[in-house]
């Protein structure tokens, strides 16, 4: 088992190294001018420099803030509505067609409307993040809650659980694997959307940094926010993975 | 609560087919209308104003060309992505080494919004079709690869053994056993890809304004033509809904044999 | 000697194995009256699962419901449990109508239905905590119950780490914890291998002997039904009706080694198997 694990890791690093080498080679052999494609060394040095700079950190902070608040709203609403729709026919009848209509709409198309409604600062971006992350969480919650074993509910009822308690004592924990999967997807979407929103119109944040660097043709500075959002996404994914391990320790691996 | 006692019918939720979603659309439009009227600002036109502007946008030569350009780029990007991603995902699903090779780099790329690569790609490839199509291609490949991977991984070993026992080559097994068996999952990935394609299309055009629906959208925003802005929102939204519904039809036809989940689409899954 | 088999259709009063005047005078523990169940299938067609079942079960009786698949025996159990509402008829437990599930009727399911997010102890103490028993006391009682079902030492395990037989023991302990008057068991040993099944059957009888709860035991295995029960209720194919009620007059406590060689036991099994195979009209005469 351990042999295959280390083999997997080795294999996984290879493409990254290959691409790095390719990148370096392209620059060194002059296939692309450094203004278009700076060498990897320059990019990562710049990244390291920025990471300790106050300016960069405050920009990253703005992005993180919008990401977290938007994601948190999506989680609360998504789980709440998803659970209610799963157990209550009336709610289901209202929610289902609405989700059917709204889910395929690219929420980013609504972004101009949000800008007009909520202004150009945090609120519109938080709203966009929440709107985009909401649906995967809602859908996974709904799916998880409607596919739980009926007999779990029956066992709980027979044991004396009151009907109104079933929702948070049985349905919610039983649907947790599905809910967490939806949250993982929602998190990635939040990263993507917050960055895009900042690119389209913002005065701060990682996305803004990218656009600013593009406008002044600072290619090196363009790579920095991209790599940052990728690292951010990976880190947050890692946190969620750990949370999943803890919360789902009783569940069989699926 | 419906989870509690069962009257034995075993059905949950009423779905009146297409009727309920249409009703939902109507409800949303009405809510919009009322909200806009209450707000009474120039920047938020009422639903009726926006709807009236839709034919203007669609029927004007400029508008139509832009929208068709958008759709064309999206289709090309999607098609190329499907052709590349499905085989890659399938092979990853069955060959552990291949999966180990590609997984980490894919995970690194995943959180990066492909439309955010636009400024860099624009520098290399200009603001024309190629850069936007490339970005759409990149955006769509990821979910399809991932879903093909998961779908192929989940194919029962015994089915593959049966194929091998019948003398099928690895390629044949892939094409005739793994692919059909993984098809439901692959199509779920394609559905996600479709949604992402739409988003990437719009945002790439917002960033590299030259043509396209996103271009119209933001030009109108810059010029204060709010009716047009919202008209384009409706158009793009409608496009998304129509494409998704059409895709669902196709999906149900292709995988009628499998037990699919409930009909609510899973975006981004 | 064993009692004769009664014909279908008559109102069958199931008497206790150990008769007593007091037992006959008391109201039946479970009274099922005219219960029918119709399901709507996907094609909007209606499927009559159970048709007009009348049944009375006395306190402390161990009663099996036997029948081929699809005869509605599980459905009948769920109706008694209050998990499913009958389309016609009523069920009374201790004279009170059944309107929903409750801790007086504790289920044990074939699929175990343990809460995966709780430990073994957490599962067992669930009902107690619901009743408001303070945590410390609940856990103490939980420990005792787990010891009784032979799972001492497994309190901190999660259900996924247990074998099928162990999971079912936990399920039984969980139900016993809240002390129901009636145990509703739905093919509880059906998912287990033969050896584990035998062990659990014996353990169940041992546990039952202690406080003699009323047990409704659904199974499709004839030998299991005869081995465990005081009465066997044979149901017909769909739509499920009571075909026949058979009193099992075998001595308790039941010892497997003796019973397997006992010709009375063997005759019960053979007769009932034949009964299930037969067309509805046939009844085996003594």
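In order of appearance the chains are A, B and C, and numbering begins at 1 in each one.
Quick note on the criterion: a residue touches a chain if its C-beta (ideal position, glycine included) is under 8 Å from a C-beta of that chain, and two chains touch if they have at least 3 such contacts.
Remember, predicted model here, so these are calculated numbers, not experimental data.
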item: Centroid-based (C-alpha) most distant chain relative to chain A; value: C
item: Most extensive contact between chains (C-beta pair count); value: A-B
item: Between chain C and chain A, distance of the C-alpha-averaged centres to the nearest whole Å; value: 49
item: Where chain B and chain C are represented by their mean Cα positions, the distance between them in whole Å; value: 51
item: For chain A paired with chain B, centre-to-centre distance based on mean C-alpha positions, whole Å; value: 17
item: Chain A: positions in contact with at least two other chains; value: 157
item: Where chain B touches two or more other chains at once, by residue number; value: 4, 6
item: Shared interface positions of chain C, touching two or more other chains; value: 83, 100
item: Interface residues, chain A side, partner chain C - complex; value: 149, 151-152, 154-161, 170, 173-174, 176, 248-252
item: Footprint of chain B on chain A - complex, ascending; value: 4, 7-9, 11-16, 19, 32, 36-37, 86-89, 92-93, 96-110, 112-113, 115-117, 135-136, 139-140, 142-143, 146, 150, 153, 157, 163-164, 166-167, 171, 185, 188-189, 191-193, 195-196, 199-200, 207, 210-211, 213-214, 219, 222-223, 226, 229-230, 232-234, 237
item: Chain C to chain A touching residues, read off their complex; value: 78, 81, 83, 100-103, 105-107, 109, 111, 113, 115-119, 126-127, 130-131, 158-160, 171, 174-175, 178, 180
item: Contact set on chain B toward chain A in their complex; value: 1-4, 6, 12-15, 20-21, 23-25, 27-28, 43-44, 96-97, 100-105, 107-113, 115-117, 119-120, 122-124, 194-195, 198-199, 202-203, 206-207, 217-218, 221, 226, 229-230, 232-233, 236-237, 240-241, 243-245, 261-269
